[in-house]
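Inspection log for the structure reproduced underneath, given as structure tokens.
Per-chain numbering from 1; labels A, B, C and D assigned in written order.
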Amino acid sequence: MLVKHYSKIRSASIHICRNLKTEDFVAQPEIFISPPKWHLAHTTWFFEQFALVPNKKGYKLFNNKFPFLFNSYYETIGERIPRNKRGTLTRPEIDEILNYRRYVDAEMIILLDGKINKELFNIINLGLQHEQQHQELLITDIKFILGNNPLFPNYHNFINHQLELDTVKPLNFLAMKEGNYEIGFNEEKGFCFDNELGNHKVFLHEFQISNRLITNSEYQEFIIDEGYTNHKLWLADGWNWIKENRIDAPLYWHQKDDDWFQYTLNGLEKINPTAPVTHVSYYEAEAFARWKNKRLPTEFEWETACKKNENKIPKAANLANNEYYEPAPAKTNQFYGDCWEWTSSAYLPYPFYKKSDGALGEYNGKFMINQMVLRGGSCATPADHIRATYRNFFYPHERWQFTGIRLAEHL
Amino acid sequence: MLVKHYSKIRSASIHICRNLKTEDFVAQPEIFISPPKWHLAHTTWFFEQFALVPNKKGYKLFNNKFPFLFNSYYETIGERIPRNKRGTLTRPEIDEILNYRRYVDAEMIILLDGKINKELFNIINLGLQHEQQHQELLITDIKFILGNNPLFPNYHNFINHQLELDTVKPLNFLAMKEGNYEIGFNEEKGFCFDNELGNHKVFLHEFQISNRLITNSEYQEFIIDEGYTNHKLWLADGWNWIKENRIDAPLYWHQKDDDWFQYTLNGLEKINPTAPVTHVSYYEAEAFARWKNKRLPTEFEWETACKKNENKIPKAANLANNEYYEPAPAKTNQFYGDCWEWTSSAYLPYPFYKKSDGALGEYNGKFMINQMVLRGGSCATPADHIRATYRNFFYPHERWQFTGIRLAEHL
Amino acid sequence: MLVKHYSKIRSASIHICRNLKTEDFVAQPEIFISPPKWHLAHTTWFFEQFALVPNKKGYKLFNNKFPFLFNSYYETIGERIPRNKRGTLTRPEIDEILNYRRYVDAEMIILLDGKINKELFNIINLGLQHEQQHQELLITDIKFILGNNPLFPNYHNFINHQLELDTVKPLNFLAMKEGNYEIGFNEEKGFCFDNELGNHKVFLHEFQISNRLITNSEYQEFIIDEGYTNHKLWLADGWNWIKENRIDAPLYWHQKDDDWFQYTLNGLEKINPTAPVTHVSYYEAEAFARWKNKRLPTEFEWETACKKNENKIPKAANLANNEYYEPAPAKTNQFYGDCWEWTSSAYLPYPFYKKSDGALGEYNGKFMINQMVLRGGSCATPADHIRATYRNFFYPHERWQFTGIRLAEHL
Amino acid sequence: MLVKHYSKIRSASIHICRNLKTEDFVAQPEIFISPPKWHLAHTTWFFEQFALVPNKKGYKLFNNKFPFLFNSYYETIGERIPRNKRGTLTRPEIDEILNYRRYVDAEMIILLDGKINKELFNIINLGLQHEQQHQELLITDIKFILGNNPLFPNYHNFINHQLELDTVKPLNFLAMKEGNYEIGFNEEKGFCFDNELGNHKVFLHEFQISNRLITNSEYQEFIIDEGYTNHKLWLADGWNWIKENRIDAPLYWHQKDDDWFQYTLNGLEKINPTAPVTHVSYYEAEAFARWKNKRLPTEFEWETACKKNENKIPKAANLANNEYYEPAPAKTNQFYGDCWEWTSSAYLPYPFYKKSDGALGEYNGKFMINQMVLRGGSCATPADHIRATYRNFFYPHERWQFTGIRLAEHL
């Protein structure tokens, strides 16, 4: 069972790369992007380092320089190449990294065949969740690599008629009553990250939250209304950010003559007015909400509204299993998929949060500053990887993930 | 009455500068520091711009280039010199700025003599609160200018025997029950900033909070225990920050042979073991708390504990009226004065927060991102400027304010 | 004839890349490095832009976005991607660039079959010289890409027993009389760059110049004598450069225990004591010369000594046709090959220098500032590309070329 | 005699500062500017360090932290504050620095009263020449501090009718024959810097050099002809420099409506069409010359033409003793004063150059890279400080000195 699960998730990473040219595996156009071959090696190193080395007697590293090359940020493990140098490594070549994956997978399958205690099970499970997180990053990093190339090469040629939609329902608001609500992961079964634990109560005043994401067409109105040049709409740090980076539209948007185009994994296309706006920073999401005389929901509002309206992930949710990898026209009353939704909550520990011991204690806790929480998963999130309590987090200026906007307000 | 209040607060700014040499008024050693003469002019510009220009018929600007020089960050008002150029302005010289102050004060006194409607009253009051905020900045910026000079000149020669204390009481914890608490300013009378409004309820789980601030001696134990080289104690952004800036002690600390010295406004002195540690960043406060197996309180925990324990500001509080301008040995059960206390809360709008219209809407709201809340006032805060609901905010790496550490934990 | 010459030179570029993995074609580890596939495309664009477009009727660009991607620095031609983004372009993939080369080569061969006027001949000849310059850059850039990879992959496995040498002859000096000398290219036949024209006279005082290059072993003595920490030996800009970049040895040198190793295209090897030191900056060359109580020769001294001692390029010279691509043990009385030799002359126009018209006027002239002249060619220079009057030039801190040291002094 | 000379030169530094406000002594608006009080202290430290400490028995440093504060770049002497921190030092205040000057002067006068050997004489003489160099820097740094203040305060109110001139004579060229010329200082008496020694011969081809400097009015034609946007006129490094710094006119030029204004020490004034253009970088001078189909002279051409045309400094030369401190309308056949003239020669050692021993060996030699030679002195150069062989040097982008343009060409 676990073997099957392991193999399925591991092969999904390879599947995402099926359309890449060898050259695409190498580049790191910005420091926050990792080359696809680095992702494939790093996720493998994770199993080697945390599962095989401590648990498999006589295990021999595939290459004893790989920990230096493929450790991401674990200070406990030791020195590693600076993050901004990942794109300088033309070797090991992708074939060698595939050998590395095969080597580690073969060893892992032997390990999984044996007795797995609780602790090891948790590590392997974490490794698989980690691999799924990198699957999402693979998609968004590939999009960045191809989408910033002046040739605008497409990744695939995807048509899904079910996802087409000419109109979206009007923006409405779902009412939520005031009261004390339970927050955080509290299931008996199933996986969650440590940052979802510390199950606790919060008091929420009465509020309402929009029934769907903001569309490209709604966002274009903000642009037309000169949202990007009206300082009153912006946080000071956001205003500086758009000035310094000359930002006047979401990432991947290009204006030609009077039309707006958007790079998608299908290539450069006209903006789809019914699709949710995506690749916006927190600053843009926040400015848009202010322009609408609304605000972004807190992560607590989002979680309670989600739990009330969708107690499980609907089949129709546009998640990575669709293989569309772009937000589909905005559906109503749906909290999962399409875009990660910026919340107005800073990413901070829950009241009873406990960091794990050892290197894996570095997984989540040390990032709990300067970032904002996003909820709900996106078109690049594996369907079995998201849940109502899942806390994603990015810096407020980052926007190469599939990020979108849901509005809220007090009554 | 208002005239008297105005004059008293305005002259307090000059009083703070009484010990400065003319040269001290000019320098801006780092971008976050403003030259003292800039503070004196900027606070004056605030009254000119927001009170006199719109309300006094025929008012003539003292110098029509001054808005360009002394506007801080009001985009609504227009262009201004870049912040990092404030220290390049040798003119207007301090005498001319004192003339500017006299000119504006004379006009203000005439204005205050006349009929003051509610709106104008609020603006003037805001101007005075603003002046008091800059009085605190004057003190901390003067300390930075003198304290980073290799000659370590002292600002004054202050002795206050009442503030001396050889021992401090043991660190204990004050228990607080779980429940829904009211947060924010809710008085019928008195001033508050807009960021304290939006009075609302929060649920708090049972917790306890320390009865006093952490002392220098307690902080030295953290240093001795190699707190600055143990990555497990640090947030990732904090760890990068100490590595890049080679930080191994609070600001103004200097190690000579085996002793630690600290620059104070009295000059370079041996560390006082009983005084609260100050000039620490959020990162250092947070790492210290983790080392102690505790955490920092949220701003809501702080406010409820403060309201419960000290319903008004005690006379003994070490605030700016002492003119000591350094934290005094840590007293117990006291929430005001000595050091601004880092909380674990990000500076974000309260649920019902409304930004003001016009330029003054830029006063607070646009800074509600990327900063952390501090509470309680410091030895540089005017005594009539602080209250239980006051929200101060700085970036997590900043430490030239009098910042300190109070601990908390859940039970 | 010209067709054959064209094909031979064009195929030499491909030959250099024969050992590369596809991944190696992509990376740009520093801004001064270009990805190998960029070199292959850029040299092709040069023929397309300057030979085919103006001279071949109805010529159709292979891809109309390629000028934007592969123009290096010709402002006359138009916009182009910023230099530091060359390594972000995973597309066009290497196969597509090879198609581009084949397409342009086929068109060029048709063009070369027709009537070639003098002007077109000169452009084609310049294109071929340009291709040879990029062949040298291909070798040095490949070395940088592989040599900065922690895996130290080798490029080839080259053994040339003729190049082995256990001892070198002692360092001696060749005397040159004072007098007026002719400088610059003055042949009736053959190619030279415009920067060699402006044939003119210079007066030289009596001097002597060393009979060979400085060896690794001689340079190690400089290191052992603490040359890198003795400020008296260094130019101020050089001293700042070694401090900021923590430089304590030539590029590619690595100290393990007490031994020095050097990355070569054969992989990481022990320093060869008899080979000329290479990959040193002007600053290092100049400091070494001062330590020896000597100086570097001027480019005029070098040229007159070379013309006197070697009136043509000797067969034994270690140039790129050896395919060794590393300096071979230092031979005496030889001015060509092994290493480009830093001269103490700034790269400035000769007295009668005339910049060409049009885009090709940007080829050399606009770089005549802030750089130093190097002479003699290196182990990566094609044998038919070098001559006594050839002026190479680099910034004084650059050292990824095969740069070496020859000494001189006045008598 | 020497005492008198010493006192005269020392007091001239104070005289230059007579118009400054105390505040003006403090600021360092850019790293290449030093605060006026720093200049006054540094020149004093020079005498203390190099004359008093080694030669006066029992000499006691005025303040033992001053070497750390006022050493400029002498690595031999030891650690010092980073150059970019000079403007952060509000203390020692100017009064204390004047005390320092008086203290050192008193000690120096005692020393000068005693027996002065040749070596000490040379050091003192160097100290005085050094002081004169800083007098020029005082003027140009004061101009920068006041001229970059949006208030454009004037330094003085200077009227000199003798310097007024409504027309200038036409630009003509002085012919020089080809031949071998002597270069460098070769007098039996008088002072020169070590960089002028190494008297040697150069061969010059026949050339001609312009009879006066280029005027503002001539330079305006270059601007009107879009010289700043025509890349063909520029060196590549210069083109990047004007793009990055958005440069479209000389330093201190301001366009209002259709008129050009220039900040002078008299305040903001209309451009004087007959005055020489000044505050241009090498890049601008070189581009202007190319636009004129001329070139800049080499330093050797300049020196030989100067020696031929003006064998001594004319009384009419506009040097610092005029106290005008701005270039006066361009006179013909005059090589001294008004503006330092950019030459096309890189600042490199003369053939027989020998660096001095000890700390004073750092005076000139270590700067012989990356800079260009300027000749002739300026309106801010003391009249007894300039000579035909004097080599000044600055980086090609620097232009806060009084730099100007003289043209040359081969025949």
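By our rule, a contact is a pair of C-beta atoms (placed from the backbone, for glycine too) under 8 Å apart; a residue touches a chain by one contact, two chains touch by 3 or more.
Keep in mind it's a predicted model, so treat the numbers as computed, not measured.
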Labels of chains that are neighbours to chain B and to chain C: A, D
Centroid-based (C-alpha) most distant chain relative to chain B: C
Chain centre separation (chain B, chain D; CA means) in Å: 46
Rounded Å distance, chain C centre to chain D centre (Cα mean): 37
Distance between the centres, which are taken as Cα means, of chain D and chain A, whole angstrom: 59
Listing of all chain pairs that touch each other, if any do: A-B, A-C, B-D, C-D
Chain D-touching residues of chain C, taken from the complex the two chains share: 73, 75-76, 180, 200-203, 205, 231-232, 234-239, 282-283, 286, 295, 344-346, 348-349, 351-352, 361-362, 366-370, 396, 410
Touching residues on chain C, where the partner in the complex is chain A: 21-27, 29, 37, 65, 68-69, 81, 85, 87-94, 145-146, 148-151, 153
